[in-house]
């Protein structure tokens, strides 16, 4: 791998079947070197299957895939030398110590023991686990395990780090610590691929992302462009005592881009949220509660995956 | 957030170049490291239990047998019961250790510790995962058989230089069971199968493959059946080697039988490992 | 995380009711309804030993004598294996399964959040080890009588005697398990059981051992059980039997008291 191509992962018509089940149904994407690329989608959207194909652990069923300039079907082992994987389930050896977990993982890459020792010291610091170096993984909290798994993935100085739901199940503090560490990696030129079903995480971390649903990509772009392209910039959420949302939507007519009923509230999308709220009040309607906010990926997701009740 | 003390560029990608020649050796390292913390538990079943069997059966029960038949019974190959039973217990223990090492640890590496999955995310390939683990089982079998032959010598249950040939023979016997078992462990989903296999397959093999008595003691039809079992071939091979019969055609037959078990196991295991680890 | 210990308990730890203890046994029965094959397959192990060692080695060993009665080797070994079956059947549930429920699955904490008391749990668990031991020993006794290894009608008394062996091992197993901290600790159980199985007179009498070792072996519960069953099997009634019975009863009592106290400490701190 002498010449570093700008595109580190390229997929065309990528598919994955498990017997009759089509987990990934033909997707196209390309990931640039040095960016943070996100796969956003609900559970079962095909994100993990895609990650496993990119990390050369699972063969693709059809389509084209190039990772680090090579075909995983032919040189999986060689490609994996440049990848650090943070799997969803950690796959840490819970009976071994923190340090032993780092050590053996480094050995899998055939890194000399001396080099591993030096690197592990810094990585433990990075993961804030220095004082836990000799504890069994069994005794670590969820956040500590996650940080250890990230540190482990970095032992081989990879150019591509793949994180499958890096913050699922963590408390807010632990999540922010993980995010902060990922920013550091990005600053030093590591390419990151992240899957998540947290919209705020995708918005915070990703330079570009794709939205996946039922094995297909249903939207792509930067977080901001996705929001502006797909839904409007702002949202007004209102709760009405009588719950008669359909007639309100009728009366607002062309003044809003779109409206959606979510459970017991109505979301109205438009360029200027305050203006819409004024309009509602001018119609003589007094909502039980109201909120004007910027549109988020959550709204994009609801729109793209059709998980909304009415337009 | 506190600023970290690391050199700038610490995370800058630098992928190692050059060929990695023997990836399975890297997978083998995992099992060494793992053994360092778990040896206490396994020392009982690998070293102490076979010795207990040798003492109880060879010396205790042997006392009764020698009392009845004398110490040079033709039926026991003109030796004492102790010298008859020692190679039997050796190969039967190798079988049990092979089965144990290829059942819970394999399932654990797939389901609980997930160490196979961790290996598969690195340059290690699925076949390396398999060969690394099998290499570990081979080493462990060899070490156990070596120690047991040593202990048998201390009991005067074998004659030493030639009894050393029993070590590779018993190791092969253990592998003949371990490799197909590893294949099966990667295939099955429920660990309840292990106790069924142990109770309905391994225990009968342990008792009816000529370990504790010559097959002639069994009724005719059972005798024929017993001759087809892999443990019978292992026991007979060890017994022949221990009594100084080295290069005989029958020995070659036993070795061929056991080697076929290993080879078939490898073919089967490559299939089940690939299916389980590359989903 | 909620701890069940915070639940107000209306049932005092040391109250007891048969009905409540029955529910603990029911829980075990339900567990095994799905794994019935696991329960049944345990019956074959002593059977294989009986055929393998008893018959296979029979002609090599010749006949032995029990209290002056000459018996075949298989007849000699059968009561020993019966005692071992009673021991193993009880021990599996008293050790691994009990540990799983106590430390891993926290079944008992759930139970104590209901009207069940600690004593109910202890009695229920002990009752279940007895049932499991009795399943194996009664099955084995039937096989023994079919093969003609029962020398006297008194052999029927082997059934309650085997039950007593199961109780003694069950109670001691529960007591020991209540002190274990990890699965590795549980490995020490087999360190106690295998030597007992191999050296406590199951396969041959004690005359082989030097005097001091004989004295030690006589103190093991399995030896006491084997000696009791062997005498009953050939139909010899001696006063020494009362010593065996008394020993096993005492062991049951001690084990039960220990495990009850341990459960009170572990479950109602």
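First chain written, first letter: the chains are A, B and C, and each begins at residue 1.
Just so it is clear, a contact is a pair of C-beta atoms (placed from the backbone, for glycine too) under 8 Å apart; a residue touches a chain by one contact, two chains touch by 3 or more.
Being a predicted model, the structure only gives us computed values, none of them experimental.
Because contacts link the chains only in sequence, without closing, their graph is best described as a line.
Taking the mean of all protein Cα atoms as the centre, the chain whose own Cα mean lies nearest is B. Put simply, the chain farthest from chain A by mean CA position is C. If you average the CA atoms of chain B and of chain C, the two centres end up 31 Å from each other. With centres taken as mean Cα positions, chain C sits 55 Å from chain A.
Chain centres here are Cα means. That of chain A falls 45 Å from that of chain B. Shown for chain B are the residues that touch two or more other chains, namely 38. Those residues of chain B whose C-beta lies close enough to touch chain C in the complex are 38, 40-41, 44-45, 48-49, 52-53, 55-57, 59-61, 63-65, 67-69, 73, 75-76, 81, 192, 195-196, 199-200, 203-204, 206-208, 212-213, 217-218.
Looking at the complex, you find that chain A touches chain B at residues 1, 18, 52, 55, 57-59, 76-78, 80-83, 85, 87, 89-96, 100, 103-105, 107-111, 122, 125-126, 154, 156-160, 177, 180, 184-185, 188-190. Partner chain B is touched in their complex by these residues of chain C: 35, 37-38, 41-42, 44-45, 48-49, 51-53, 55-62, 64, 73, 184, 187, 190-191, 194-195, 198-199, 203-204, 208.
Against chain A, the residues of chain B that register as touching in their complex are 1, 4-6, 8-16, 20, 23, 26-27, 29-30, 33-34, 37-38, 112-115, 117-125, 277-279.
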